[in-house]
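In the two complexes that follow, subunit A is the common piece, with subunit B as its partner first and subunit C second.
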Partner chain A sequence: MSGFDLRKQAPNAAVWLILLSMPLWIDAVGGYTQLGTQVVVMGLAAMSLNFLLGYTGVLSFGHAAYFGLGAYGVGMTIRYLVPSTGLGLLVGTGVGALAAAIIGPMIVRLRGVYFAMVTIAFAQVFYFIAFRWNSVTGGDDGLTNWTREPINFGFATLHIEKDPVTFYYFVLAIFAVAVALMALLLQSPFGRTLIAIRENERRTRFLGINVNFHIWMSWVISCTFMALSGSLYALLNNFVDPRTLYWTQSGVFVIMCVLGGMRSFWGPLVGAAIYVVLQDYLSSATPNWMSFIGLVFVVAVLFFPRGVLGIFRRKSTE
Partner chain B sequence: MTGNNSGNINRRRLLQAGAVIGGAQLAAPYLQVARASDVVKIGMDNPLTGTYAALGKNEQIGAKYAVEQLNAKGGILGREVELLVEDSTSGDAGVAVQKARKLIDRDQVNFILGNINSSLAQAIANVANEKGVFNVDPGGHTDSITGKNCHWNTFRVCNTTATEGAAIANVLVKNMGKKFYYLVPDYSFGHTLAAGVENAAAKVGGIKVGEALTPLGTTDFSSYLIKAQAANPDVIIVLQQGDDGVNVLKQIVQFGLQKRFHIAGAQLELEVLLGLPPDARIGTWVFEWYYKQPNVPHVNEFVAAIRKRSGGHVPTARTYFGHTAVMTCALAAEQAKSLDAVKMAKAMQGFKLPPEISLMPDGAFYRAGQNQMIGDLYVGHAQSHGKDDPEDLFVVEHVVNGKDVSPTLAETECHMTWPKV
Partner chain C sequence: MSFLKIENVTKHFGSLVAVDGVSMSVEKGECRAVIGPNGAGKTTFFNLITGMLDLTKGRVLLEDHDLAGIKPSARVRMGMARTFQITEIFPDLTVRENIQIPVEIAAGLHLAPRVPKARRAELRARIDQLMEEGGLTRIAGRYAGELSHGDQRACEIMMALALNPRLLLLDEPTAGMGDDETHAIARLIRRIHREQNLTIVLIEHDMRVVFNLADKITVLAEGRPLAEGTPSEITANAKVQAAYLGGSA
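What follows is the complex of A and B.
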């Protein structure tokens, strides 16, 4: 914990350098700022899931629910209550956190595939509410007729509504705070306990640690950040539809984690970047883009079971 | 794993942010130059996969043919025309929105077309409005697109669901009976189409005896058909389209429902009839365009040209929509002598399409204040085999002029707000 270790900090510096300079080079390589923003938002979502999946060792297949709750939270706040982006973000994140806190106690006693199944079941409940409640959520058509609003800090106004670059840095700033919080939590004794649970649950229990409570905490934290990223996703598109809550979306988040590497902090971000960019390019080239993404996933699981970042880590430890 | 030395990172981050902000000032003019290219770009954000894939491919064929015709005559305002196609999927509005932004932000398209799915069309229209890009909805029918949620920059080629419902309701009540049961695809298109038929039927004494909402992409309709049967209607109104339409009609025939009830709907596509076995080509429907119009000028040339480009297949209403949508963009630019979206949209108010593009006996025009194209509708019945052409599966009984059945401008509830110049 002391001193500045250049080798340890190099990956962090590289990630931040790439993220901060994204709007400068993304057009030149055939992308667009919107795509960069999407990578950051999906990266945050995947990293949130990884807090639970990679660091606590619990597989949730229903995280799209909290992603979608965040998205609907911000959309419905702006549409029906107050046209305020800041309040929308708070409501979206809060709703996701509240739902996770309530559902948590019902599922923390389950393990493995049972945990995954029940998280799917709860997620589908939210999906069907959003799908069926036409008059409020817009049903299958999605929630439209609202847009992100400029943020007034009192002394200055941040115009995120039109300029994509300003919005990118707004998202990146929130991403930075969220990621720093997650990193701090993982460095803390609490984070070490989570890793202990992942490595050997029975042993952790013998040490007198309340395992279920810690899993509940990890679940709530993970879902809260998930809801935050969902809110950002809704602001990005100025649009929400029920598919953000659907179980296949949860699967996409798991794929991102596995693709990038769930044992490394930045892995899910890399996975999200690969997934989002591949999807964007391939779906323009061929209607069968899903097959190719599937292929990439199969190759990744077969040859790099620790994800793309796993390759580098193995090399550095050898 | 990560920043345990936050002081250093913050300083680094600050320096980087400074560099980025400085760099962005230099980069901005370069991006402006890149925008002014010589090609006029038309972005098409339409389904190529899922239940509407077949319809989407035909709209694409029509659009490509129009681009070919334009380029042969020197393009739009003397600039070459390029068509960029993105798969919006058939029902995922999130993807459609993402693709619309990609076409507008990255590819800098001058026009954006889409979508077959009404929900996706509305979502794309909202993005286009936010960005101020000229938008044509070739084939998404729900009323709100040129109604409650209309935009100054969104033009629609296909009819509103209210118009389609009104075109057929009279015929059904007069010839088949008053009790209707509705099989409704569960999204905006289905909801408004059902409401359109219901309202028009109610005016002439039609009664709704029940309805079933079927999610988009349903393959097994048996539970809905049992409910329909139990309600004992005179007419079962089938509003499903695409693959859903194929599946529901096949199963209606398997259940033998066509022998006990009339089967009808407010809209059907030739693609659906082609996808059905001959004995399931049943019912009374509205077509929005049909290729057999021997007395209408230019239709035969259009059919011949499309046959050459589609492996011998005839154009459907979808091919027509795609073609008309691209031509609308070209006409708007030529009328305004500019690619400025506001000028183009103003130039198209009340614009009457030339006969080689409208391809309808009474012609077609864009109604001012709503941007909705109003043309003819074709009411008739399906037939199992074409006499001299295997694709001639529809018999037109009446041509209904859209002017007579469209809701009035006030009824559409469209109030446009134009941007301040």
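What follows is the complex of A and C.
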């Protein structure tokens, strides 16, 4: 509550320092800039899911739907409507938000595994549409023949289409705004009400809160940021395919949250970094990379039940 | 007009009749105790008043307003706060946060993206005041889940009071407590009742607490109303003696 607290700000400073300097050192440690961009994009996706999962206590197993809607939204806008990256991002994010707002009232009464199952079911519907509607979505082959466009600010043009480092900082800037908004919301009275629902739904209801409405709000916010990250993911690859909507992709986002720590703000980013780097490294070494990731996941859950960043659980004070 | 009027409420669970035709009128500022052996239907009775369960029969009226079809959370916003037989708090949050959340809700901020600057001092003072009244100041930074049973109960009561309720329903506030803790909670309830002229309905097993606090007592047995009256009338009541007081004392 009070002013500047070094112990609280140190992790934030560390995260931003690493992210801002990433293009300077990533080659030296055996990576490449696009890998860093992928970490940031997937980190945003995992943090978006965690808004709902970690801070409202609601498990969605269908968040890939909104990730994929964002991805198709931006791809189809650029391919069919206007070759504008900015507009594509707006459409992708907006479509995801709208879908979430409409689906939300049908699912917010459900709890636990029932909620998770129904979110999967809705996600699979989007998956089959993308998979089957060949003429528009490109079906199983994905949506091709489009690329991210340079962004014209009038006085200057940002050439995100060529230089990976420029694109990295473009993505990082959007990430920063999204993450700052989420942090702001989570530290607000509204955010505390969501945490209250996670902690004890009955108590929260008997404090006069319309719990289902609050879960709907959290769901829409979470899915909106998810769609934004999906849009960025499509821009990164200049490509979208139905796998971005598939239920296993939803599972990957959950794994990232659990791996990094659902109770910590940056945890899902750390989980995403571990997952993306491991996947990049292992998938070139062995076709069975998925089982190795599974092994890492099991070990991590055994040794860090609260996630990697969960070891920094705040101490209670006398 | 009674503040809270219960008319002939009945609740069936399958073939079990947990609450069977109970009526009760509570006046504004009254402290009413509901007593009765385990399984008498007291908690179910509370659940019917607060809307947690649907009535099989009967009516619940708050200031002559029929509460039928009004959700629990909306009843809370109408001024009806409660605590539970098994404490319902936020165990992984600090005591201060446990109090802060209902204070912010009572201030109408539960959808607000920030606390307006002009209200920060006022809200902080209110949180401090509630913690002081509940004897929680010394443990403000502790996780609520780590507290003693008595402190958890006090925390839950202060959370309910943070809502500025007009009616407070307490389900066995001293259950499972030692003498010292029981006294502390009874003193707390008595103080808020006196100072704020709050209408209170409490379920309580400890007869010392009941006789100390209650203006009137309603006795339930097997879901049915057995007797109603002042503490001295209830002590003198032969039926109650036989069914309840004699047996358990």
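The rule we apply is simple: the second predicted complex is superposed on the first by the 311 of 318 C-alpha atoms of A that agree within 3 Å, B and C clash if a C-alpha of one lies under 4 Å from a C-alpha of the other, contacts with A are read in each partner's own complex, and residues count from 1 in each chain.
Convention: a contact is a pair of C-beta atoms (placed from the backbone, for glycine too) under 8 Å apart; a residue touches a chain by one contact, two chains touch by 3 or more.
What you see is a predicted model; the values in this text were computed from it and never measured.
Participant: Are subunit B and subunit C a fit on subunit A, or do they clash, once the structures share the same frame?
Facilitator: Here the two partners, once superposed via subunit A, fit next to each other without clashing.
Participant: Considering only touches as defined above, state whether A:A64 meets subunit B (first), subunit C (second), both or neither.
Facilitator: neither
Participant: Write the angle, vertex at the C-alpha centre of subunit A, between the C-alpha centres of subunit B and subunit C, to the nearest 10 degrees.
Facilitator: 150
Participant: Is A:Q38 contacted by the first partner subunit B, the second partner subunit C, both or neither?
Facilitator: Touch status of A:Q38: first partner only.
Participant: Looking at A:E199, would you say it contacts subunit B, subunit C, both, or neither? Reply first, second, both or neither.
Facilitator: second
Participant: Contact-wise, after the overlay, does A:P189 reach subunit B, subunit C, both or neither (first, second, both, neither)?
Facilitator: A:P189: touches subunit C, not subunit B.
Participant: Under the stated touch criterion, which partner chain does A:M76 make contact with: subunit B (first), subunit C (second), both, or neither?
Facilitator: In the superposition, A:M76 touches no partner, neither subunit B nor subunit C.
Participant: A:V91 in the overlay: touching subunit B, subunit C, both, or neither? Say first, second, both or neither.
Facilitator: It touches nothing on subunit B or subunit C.
Participant: Looking at the overlay, does A:L207 come into contact with subunit B only (first), subunit C only (second), both, or neither?
Facilitator: In the superposition, A:L207 touches subunit C alone.
Participant: Quick check on the superposed pair: does A:I221 touch subunit B, subunit C, both, or neither? Answer first, second, both or neither.
Facilitator: Neither partner.
Participant: Can you give the closest approach of subunit B to subunit C, taken over C-alpha atoms and in whole Å, for the superposition?
Facilitator: Scanning every C-alpha pair, the shortest subunit B to subunit C distance is 12 Å.
Participant: Which subunit A residues lie in the overlap of the subunit B contact set and the subunit C contact set?
Facilitator: No residue sits in both footprints.
Participant: Spell out the part of subunit A that touches subunit B in their complex, as residue ranges.
Facilitator: 1, 3-5, 8-9, 12-13, 16-17, 20-21, 23-24, 27, 30-35, 38, 131, 134, 139-142, 144-145, 147, 164-165, 176, 179-180, 183, 186-187, 237-239, 241, 243-244, 264-266, 280, 283-284, 287-289
Participant: Which part of subunit B faces subunit A closely enough to touch in the complex?
Facilitator: Contacts found on subunit B: 1-6, 8-9, 12-13, 16-17, 19-20, 23-24, 27, 31, 34, 48-49, 53, 86-87, 91-95, 97-99, 101-102, 105-106, 118-119, 122-123, 126-127, 130, 149, 186-188, 191, 215-216.
Participant: Residue numbers of subunit C touching subunit A in their complex, please.
Facilitator: Residues in contact with subunit A: 50, 71-74, 76-77, 81-82, 84, 88-94, 97, 100-102, 104-105, 109-115, 139, 141-143, 146, 159, 163.
Participant: Touching subunit C in the complex: which residues of subunit A?
Facilitator: Where subunit A meets subunit C, its residues are 184-185, 188-190, 192-193, 195-196, 199-200, 202-203, 205-211, 214, 217, 316-318.
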